[in-house]
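Labels run A, B, C and D following the written order; every chain starts at residue 1.
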Amino acid sequence: MSGNTIGTLFTVTSAGESHGPALVAIVDGCPPGLELSADDLQRDLDRRKPGTSRHTTQRQEPDEVEILSGVFEGRTTGSPIGLLIRNTDQKSKDYSAIKDLFRPAHADYTYHHKYGTRDYRGGGRSSARETAMRVAAGAIARKYLAQQGIQVRGYMSQLGPIDIPFVSWDAVHDNAFFSADPSKVPELEAYMDQLRRDQDSVGARITVVAEGVPPGLGEPIFDRLDAELAYALMSINAVKGVEIGAGFASVAQRGTEHRDELTPAGFTSNNAGGVLGGISSGQPIVAHIALKPTSSITTPGRSIDVHGQPVEVITKGRHDPCVGIRATPIAEAMMALVLMDHLLRHRGQNAEVRVDTPVLPQL
Amino acid sequence: MSGNTIGTLFTVTSAGESHGPALVAIVDGCPPGLELSADDLQRDLDRRKPGTSRHTTQRQEPDEVEILSGVFEGRTTGSPIGLLIRNTDQKSKDYSAIKDLFRPAHADYTYHHKYGTRDYRGGGRSSARETAMRVAAGAIARKYLAQQGIQVRGYMSQLGPIDIPFVSWDAVHDNAFFSADPSKVPELEAYMDQLRRDQDSVGARITVVAEGVPPGLGEPIFDRLDAELAYALMSINAVKGVEIGAGFASVAQRGTEHRDELTPAGFTSNNAGGVLGGISSGQPIVAHIALKPTSSITTPGRSIDVHGQPVEVITKGRHDPCVGIRATPIAEAMMALVLMDHLLRHRGQNAEVRVDTPVLPQL
Amino acid sequence: MSGNTIGTLFTVTSAGESHGPALVAIVDGCPPGLELSADDLQRDLDRRKPGTSRHTTQRQEPDEVEILSGVFEGRTTGSPIGLLIRNTDQKSKDYSAIKDLFRPAHADYTYHHKYGTRDYRGGGRSSARETAMRVAAGAIARKYLAQQGIQVRGYMSQLGPIDIPFVSWDAVHDNAFFSADPSKVPELEAYMDQLRRDQDSVGARITVVAEGVPPGLGEPIFDRLDAELAYALMSINAVKGVEIGAGFASVAQRGTEHRDELTPAGFTSNNAGGVLGGISSGQPIVAHIALKPTSSITTPGRSIDVHGQPVEVITKGRHDPCVGIRATPIAEAMMALVLMDHLLRHRGQNAEVRVDTPVLPQL
Amino acid sequence: MSGNTIGTLFTVTSAGESHGPALVAIVDGCPPGLELSADDLQRDLDRRKPGTSRHTTQRQEPDEVEILSGVFEGRTTGSPIGLLIRNTDQKSKDYSAIKDLFRPAHADYTYHHKYGTRDYRGGGRSSARETAMRVAAGAIARKYLAQQGIQVRGYMSQLGPIDIPFVSWDAVHDNAFFSADPSKVPELEAYMDQLRRDQDSVGARITVVAEGVPPGLGEPIFDRLDAELAYALMSINAVKGVEIGAGFASVAQRGTEHRDELTPAGFTSNNAGGVLGGISSGQPIVAHIALKPTSSITTPGRSIDVHGQPVEVITKGRHDPCVGIRATPIAEAMMALVLMDHLLRHRGQNAEVRVDTPVLPQL
């Protein structure tokens, strides 16, 4: 495939640039009979939408999604689902200045070398605007999974230097940061306000959890569930690292400490993050991702132009000082897409498998 | 695909269990004309081979690879390359004890639930023995890449709690730990000896670097170079985390600190790890992986059997107290496979692209 | 993949129903730098468009295509190209009658059993309306191929019992039948008029030819060029047979007669249809397809309803009495898509191959 | 993928040359729990084996297959199944003569142009010897399908100019021609003996039928069941045409004649060949393929060498005067592989679909 499609049985193919006419996606392989309307997608799109707080870009995009196909009389038919989001707030004039130069930490330089040309308006295809379609497609997977008792949720677990402990899921959607600890919000807001005064940006860490995943999802050897989660999560703009369960903390752990023991009452811990040998264990699937600080900042930086001459770059325009703030719904969507695909793949090969052994809860 | 194939244009399909007759792989898409002999593969296989030091499993496997096809008169023909490694040291009697129970932190429980059956001898398909074929296939990619001026190398950057700084590539192959700092070796040996006395195991961190990679490799949006590296590296047994460049350190970085500035003399830093927008920048590609501690340890652990009854598990047999020690050649192989695939994919779509803009070195 | 995507490096993913809001497609893997506008696609769409003569359905569809992405400043960027065609002439009321019954020789019965539900309006996803997107996507491939000196053209070689010899390419577009023999047109028109009076339909045979294809395209063993052409052409609605070169006539041929001899002046014949061992030979690639008679006819037929009860079916509405009449541009498009994909795949793996041996013309 | 893999969920990847050390294949995605031994594969391999009658090549190959993995205690585990067949009767010296020239109607010329090099021994990768692995892999699919009540069988329906009517399945395996009409065998033998005296070869037509296929298999739009059958069957060496059901006869049929009417008692005919809209209808799936005459004949032919100079070619060695004679088991295997893959794909997406509508038998 050519890079814009994800999945094997449940696939999403995406297209569209930041400042082109529209974003479009085709979701293929959705089982028939699922109740689905544009509202189901809009709900998640609104959670990712720019301009919802003073801490994110002020670009105004309604991000209204239209379902073009695959749904009839309110239910999916099994045919591919076409999705369309028109770009409305396109300020192309903002971008002509960077036509011939490369913004540091952006994809300008690499796209230029790969394709010999690029749509420089707002980053074109490399803009995080594309993730709107991931969220829309992910909403379809999340709704189907929810009906199977699988719930995919995320929260921000670190903003720059500030650790954000998990307190409760209820808190997550009451603040602009997707913080699971309401008491942390004032500190986060103060930090962001100072950051803006510093004309700087910062990274973030997002944690995504899937509960209710049955054991057995994931295809060894290469298409392990954790490997495909790493692929899907690392494909999100600005992500520089992915952990499953204990992640990099496993390095310093002893085997006696890391191994999750099994008892008739359940697993005694979840260092594995719900995946053993690349297959889901029935425990919650836990992934953490690291997002780099926003590359577009107004503090001048050094770069070169297409002729190799030195230039000074100041990225104007409307940008998120922390791209991580809006990344939670995107990470949820990507995990949902992977789980959905593996649920169908598992059914395809192992539909006849029956096991008496009890499925263990997590203690 | 069904999980045992990796790649789009340059593909590797693998099969074989730890204690079955043989491991086999088919490498498809290798360009014709590459000089290739079994010795080229054997060299890397020997670096991964068990029993080479007292710090790894004492299982005796010559791991002799045979090329079954795709090579004629010493050169590749463009036809698929069949690879075969016979298993010779199969002590199946060791394993009947665990037939009906699940070893903690192993894939026993998940395979059982997925397939309703499993080859319990030495972990069967879930055994790291399978990685021998990754190394053999990776050796083909590494040889081709080397001829293109691309060099893929790795080293152990952390063993349990011990950080191992990078000193020189020369040091890496003079010790059993793939340590790039020779002065650290005595400390590592002492640590491992104590670990064995403790009947315990520990994790490790491996760093892999590709130098000489031209800008332009990688397919946005999903098949980003970093996303596919994350997929390929996370698919290695025991890996729980993947970082590209600054990785999780990016979370606490400011944008002014993280962004790698461009000057006519070159990039001023490499926090990106050689990938921007999912496409190689021409800087060295740097990835770090976290490996969990070996699950097979002789310290008793709690588990259940297939009937859900509690059991005590002691894993006998010959095991690596730190699976990370032998992981370096495997990680090199996986990075090479991904780079090889993307080199061919890039050529396929962008063969006609010509760019005058200079390629920047790293300062 | 889930069935709505074709290709490996150059891929087309399609969605949309006959009477839904729109048809949509994403064309991925197109090389950058290709001059492209909606007009380039519209030209081919208009050749397929319904209602252009009294011999085709009178459904009025402007089939206006919009390019949503992947083109910037008049040239492709290498990013995926989104295509949209709104459905305008949707007479849904025509179709409620067939909601609960299965039209003979249609996909009603099979979709019902596969998905348990179906969009019954005009055949929904199974309608040939979907082929509009194949033509639009194919136009992109045809334009790129043309710049490489590869020309894909087709004509109707048989209408029902009437053989139509090849006379000249110029004639093909001067008549509604894509006949390469202008002198045959009156006979074809008379036949069609009688057919309509008989309230019946008939099949057709289309021949597609690609000239200027370099030797070397096609991937043995399974992804042979002829195998993928057979796949792509058989996937067109109503196609029941595919031949390459001499096709079924080969059965009665002797080896001395069938083999195309090579001389320094060129190949002496082209029974192979331009493909040997699944790889293009440099001769014209010749394929023939058989299209069944239109299933929608006003002559009553027997069928059953969803409850298994017998019903009489009369297909009203606006239908082509010979679907083959509009199939030529579709067959051209499918051949172009396959050639395009294999051109890129070949470049990917064999970019470095240099051969002194002369390429033979066809005598 | 790179051309040597077929399938989406149930995949076969093949490697090996005519005169290399061995043929090898990896069958991935087979459901666990299937009883399987080498004997199950050997049975079909023996039906294809050379040297079984005076009408086929006298090359002596035991074609003994070894199962390398994926089977434990007599049953499949769900892990990939590795298959190995050693080449034993390699007369490489026979082939040095054709090292630098191109045999007419062979793949020599096209492989040379594609790869710049080729294994000229017995055609190397382009030899029909590779089909042994298709038959071995197909045997796995056929056994699984048989347990689902799906039977795939084929017979020779035409040898050169001689039509061979279908009389009974029992007859097929009592003669060297896979003739379903025992009374035709003497005529076929006489024809073949004369053909050998003429130092010539001839083509054949094979018919393959799958019975017991449930309705619902096949993925519109591109991965139609008939489209993938066309792909799989056309990928067999020497095949130049594929028909489904009425095939090319559909061209001259009227709609009233072609359409298979549905009655509560069943379908009244099967012009569709068991596929409507790309999805199985529950009727027998019927495909016909055309095989060209053997290219290797001892009657001299004109060709050129790698320098473009004219040469006279006489193909010595041991060849089938009609490759079609041994093609029946291969065609059965390919149809079985496609059905197997689509059975798993259908389960994956539509596992939850329940339909009350009765499945119609064929009258």
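Here is the rule we use: contacts are C-beta pairs under 8 Å (C-beta built on N, C-alpha and C of every residue); 3 or more make two chains touch, one makes a residue touch a chain.
Keep in mind that this is a model prediction, so the values were computed, not measured.
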Chain of greatest Cα-centre distance to chain A: D
Comparison of A-D and A-B (more C-beta pairs in contact): A-B
Between chain D and chain A, distance of the C-alpha-averaged centres to the nearest whole Å: 45
Averaged-CA centre spacing for the pair chain C and chain A, given as whole angstrom: 38
Rounded Å distance, chain A centre to chain B centre (Cα mean): 26
Where chain A touches two or more other chains at once, by residue number: 1-5, 8-10, 14, 29, 32-33, 78-79, 114-116, 125, 220, 345, 349-350, 353
Touching residues (chain side chain C, partner chain A) in the complex: 1-5, 8-11, 13-17, 20-26, 28-29, 32-33, 66-70, 72, 75, 77-82, 84, 114-119, 124-125
Residues of chain B that touch chain C when the two form their complex: 8-10, 29-33, 78-79, 220, 344-345, 347-353
Residue ranges of chain A in contact with chain B within the complex: 1-6, 8, 14, 102, 104-107, 109-116, 125-126, 130, 158, 160-161, 198, 200-205, 214-224, 226-235, 237, 240-264, 268, 271-273, 275-282, 290-295, 297, 299, 301-304, 306-310, 324, 345-346, 349-350, 353-360
